[in-house]
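Labels for the chains are A, B, C and D, by order of writing; each one numbers its residues from 1.
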Amino acid sequence: MLSYQPDFSDLSYTFGGRSPVMSVKPGTAVSLYTEDCFGGRVRDVTDLPSVVCEFPYLNPVTGPFHIEGAEPGDTLAVHFVSITPARDWAVSSTFPHFGALTSTHTTATLQPPLDEVVWRYDVDADAGIVRYHARRGDFSVEMPLDPMHGTAGVAPAAFETRMTIVPDVHGGNLDTPELRAGVTAYFGVNVPGALFALGDGHCRQGDGEVCGTGIEAAMNTVVIFDVVKGVFTPTPRFETDDALMSAGSARPLEDAYRMSQHDLVTWTAALTGLDQLDAYQLVSQAGTAPVGNVCDPNYTMLAKLAKKYLGTATAYEGTHARLRNFGS
Amino acid sequence: MLSYQPDFSDLSYTFGGRSPVMSVKPGTAVSLYTEDCFGGRVRDVTDLPSVVCEFPYLNPVTGPFHIEGAEPGDTLAVHFVSITPARDWAVSSTFPHFGALTSTHTTATLQPPLDEVVWRYDVDADAGIVRYHARRGDFSVEMPLDPMHGTAGVAPAAFETRMTIVPDVHGGNLDTPELRAGVTAYFGVNVPGALFALGDGHCRQGDGEVCGTGIEAAMNTVVIFDVVKGVFTPTPRFETDDALMSAGSARPLEDAYRMSQHDLVTWTAALTGLDQLDAYQLVSQAGTAPVGNVCDPNYTMLAKLAKKYLGTATAYEGTHARLRNFGS
Amino acid sequence: MLSYQPDFSDLSYTFGGRSPVMSVKPGTAVSLYTEDCFGGRVRDVTDLPSVVCEFPYLNPVTGPFHIEGAEPGDTLAVHFVSITPARDWAVSSTFPHFGALTSTHTTATLQPPLDEVVWRYDVDADAGIVRYHARRGDFSVEMPLDPMHGTAGVAPAAFETRMTIVPDVHGGNLDTPELRAGVTAYFGVNVPGALFALGDGHCRQGDGEVCGTGIEAAMNTVVIFDVVKGVFTPTPRFETDDALMSAGSARPLEDAYRMSQHDLVTWTAALTGLDQLDAYQLVSQAGTAPVGNVCDPNYTMLAKLAKKYLGTATAYEGTHARLRNFGS
Amino acid sequence: MLSYQPDFSDLSYTFGGRSPVMSVKPGTAVSLYTEDCFGGRVRDVTDLPSVVCEFPYLNPVTGPFHIEGAEPGDTLAVHFVSITPARDWAVSSTFPHFGALTSTHTTATLQPPLDEVVWRYDVDADAGIVRYHARRGDFSVEMPLDPMHGTAGVAPAAFETRMTIVPDVHGGNLDTPELRAGVTAYFGVNVPGALFALGDGHCRQGDGEVCGTGIEAAMNTVVIFDVVKGVFTPTPRFETDDALMSAGSARPLEDAYRMSQHDLVTWTAALTGLDQLDAYQLVSQAGTAPVGNVCDPNYTMLAKLAKKYLGTATAYEGTHARLRNFGS
């Protein structure tokens, strides 16, 4: 297993536009560290992001990693073996113009902004819990730890370089709680080596990340890379032991829904040989639609279908099962 | 327990604009029958809705019921004791211009329409399963039965009468799988007697009802009504033994999300005494966002929070617990 | 010419759900009075709408008028001969949760609301000007008078009754500056007599009515009604001496655009015999897209094409030319 | 006056990520050539874009130009002296999944795609007309020539590189007919030298570019550059002799409207000293909202206010007047 621990100056703020930090052979596990979305600078409730962070040095990612043999038109498979909070605390915050229940620079209003407030959570990785503390009053409550990465993806197509805060067909800031350990994520490869990067760990997040941040944490994460040659993936997909998922990232939110459901329907038809409308009907009754983010430059929704509804169909030539066994 | 079995000619196609079919005292259980969204006219795969159904005689509801003592400004509580498919079959269909993965009269395109196709499901209420059959090919698969009502609500405010296909703050065609047995639904009362009506049973549906219909079925349903005096409910809310939910119905879909999350945040603050931003943070990390419909004239999303995160707070003076015990 | 002057108690707050105030033969001109959107209760800058007005008694309309011989499936033509401000003042206001640059009950945020502020304009109908006065400071400027009606329509289909604040395929609160004198408006007839009503005069308004109100004024207006038998109009259309227009009302705003452009493209194809894609291309290069409202429950956009691009085609059998001559 | 004629291999397909082709002093006029959005490869109705063009080599721009002295935080002013079609023909087309009246990869549907069709226009620059020819049938009609650039902008902030098809706060593919000769465009500078590029000439376009393309043409264009030091422009703005305009690019379309109106309101307040709500009211009644595109990855709308409503206020220290005189 390879290991990669970035210095602060090694962190990246874009997908694309950066040289790889390491070259990795397919089938290799890598243990890596990711900093939190604030670059580790918000450590207490008095550390306001607008004061201690500097645009555009937000939402750093670790990488990019060059995966050997990955070429445009292939699919990069990334199996998440483990995601573990690196500290015994984590933070969350509101922002003046970011989040779902505030005006933003696009949903622009003339109202006064929301207050910028920071919450600090206690993290007990062994017990598998995080503890919330109200800022005004002494209310406190435990929630289950459910570690995930908000940001994961590859270099975009068409010579683009995108801020890490943006989710799109290359991945990026999908901010979905479905990207947890045990998942294999698939990304279409746009440039030689794919240039995968990872960051934005959350101890957990609610659906939609409504205030604009999860419970933000540095993470120690183990992934295994693989390359599926000659098969392109049009938008990020996830696979678990039990389910397939397609991600859609767009605005308005119904387009994120349409993209994700459309990909799941056509993928289901391709896997099973079902007619497209038959697959549409099956997904309509058996599918779910986990909400990713409703706060980022594109919103993200997933379309999810239990494998038990797919008969004997196998995705990506059994890549998930292979990586999962490798990882265990 | 009262019983109500409508004739076909008793069915209603609007919320508001109709005289009540029955007057009911609070605390009374009513056993009633609801026809399916096609008025029972689609019985086989050859019964195309566009041929056998006639606009606007679609999505019939049973009622309205006048609840004694319900006055504008109060809240009507409706506890769903049981929802049971009335037949051993159910149907679903695509439509030429209805559903999430097709153009519609508002998302208007110049493309050819989708085919109109009907699927007929086998329903085994005792075994708790429904069986899907592909139309082209012999693929077939079982899914768990999870009966629900797509349409439930009261007469709208401001002298309005709305088609039953529309979801809004009066309820209506919310089309959420969360409206199943065991739930208490709360609606703000706009007119004397509230004028509650119910229909559009689904044996189950996927999140978003992506093709435009669930597994549509006539239902035998038992509800108990109650009135919470002097408390208005701004948008439909649901309560189970374990969770609170707020519904938002709007377009674009992010506004359905915003409405539902905003109501859940302010409701949480009111129930717990938490500061509004503290409640925002709590919901941001602990809340979920079940998707209702992404196909109706308004889209519907729910915001849901487990009661365990609310300390000792009790909603609507314990109405759910009281009705639940009554119902069991 | 008939004349109709409503008492305050005669005003209506819905389309549909009301008995006609008068029956009118096609080809008849009617002189009528409309109250402003505040019911005339906001007369000075100290009259805050939230204090002097009472929901749902907002945006009153005059009517409905029963047009003899109009049957479902026909088209009602309404030619606007003249629209004249009835007073030498008019008012406008912001609202706490209404308008494009504020959160609303659907675009819900947790921010403090905008201030509620009233502006009073001087109206000089003879000189054709209105005068704006800033509330804070002594800035003042004249603008051209351009009188229009924000609200005009017929009873909806499908047994619906809608608040006058809603624009949809029945017309209603379109809030477009294109509805000025000289225009013939066409509405599909849904109920016997059509039940046309009119209100919400503006001395002028900017595109989108961004703050939520125009320069609101009572109006003395002359219209001529006609009925085009056996031709249905799917969404409101306007005709002037020089142009044809289709209105689309929906959310999100791109759907209002799509609806209006789709109707103009298919209408152009029908009028000219052009292939649908040829009409699409013609409208794409020669058409304009006047913005109606971006603040009401549905947003409204128009698609507009100069008649000079249509060859010799004539709409609605020359109804506009006939009514225009009648009116002059 | 400098002159720049790119070879085909000099064309660029991104904003950002490219070295400058030329360095220009402020106050310098540059005569340059831009290729059409198809790279000149669609020359007749049989040249289908999907066959003769290759993704991502679409929508080429000329440049980027390094403007001396332009630093992050400054504003680049670009005055358009003249825009002249370079050929006596131009082309337009539909695409399978691009345009407002078709499904796209985000507004994804399961319907068959639109046909891909090309139209070729005759261009008579001296007479100031373009001629449309229907593809099926012999209908033909003249329209006024109104040359404009669909794509103009600077390198983005935050290390981003964006495809030229994307409009955003850096400019890009705004696709507004308001970007014609006589206009001064203002862009916030994000990188040293600003790195301005220009392309996508249209002989004219309708509002919204509903089919996805204007009347696409190579152009000979003269611009004059200037730099306004120490003043940043948050989103592209335009100035003519008579009006000020702010551009907003976002999805859904109401957010493009909100962005543009918000910028115009706050700019108006800053220029005149008016209170922000007074400026809101003034723009609400006197402003217009020209529609740019409703087909690109972000939609674009403008907010426009006649200067006559602004008293004696002058924008950007009189830059427009100065460049306009220079250019004439």
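In this section, contacts are C-beta pairs under 8 Å (C-beta built on N, C-alpha and C of every residue); 3 or more make two chains touch, one makes a residue touch a chain.
Predicted, not measured: the structure shown is a model, and the values here were computed from it.
Distance from chain C peaks, on a Cα-centroid basis, for A. Inter-chain centre distance (chain B to chain C, centres taken as mean C-alpha positions): 34 Å. Distance between chain A and chain C, defined via averaged C-alpha coordinates, is recorded as 47 Å.
One inter-chain figure worth recording: chain C and chain D are separated by 32 Å, centre to centre, where each centre is the mean of the chain's CA atoms.
In chain D, the residues that touch at least two other chains are 101, 107-110, 114, 251-252, 258, 261-262, 265, 277, 280.
Taken together, the touching pairs cover every possible pairing of the chains. Chain B meets chain D in the complex at residues 101-103, 107-114, 252. Listing the residues of chain B that touch chain A in their complex gives 92, 94, 100-101, 114-115, 117, 119, 130, 132, 134-137, 139, 141, 143, 204-215, 251-254, 257-258, 261-262, 265, 272-275, 277-278, 280-289, 291, 294, 299, 301, 308-309, 311. Contacts from chain D toward chain A in the complex involve residues 13-14, 16-17, 55-56, 105-110, 157-163, 248, 250-252, 255-256, 258-259, 261-263, 265, 276-277, 280.
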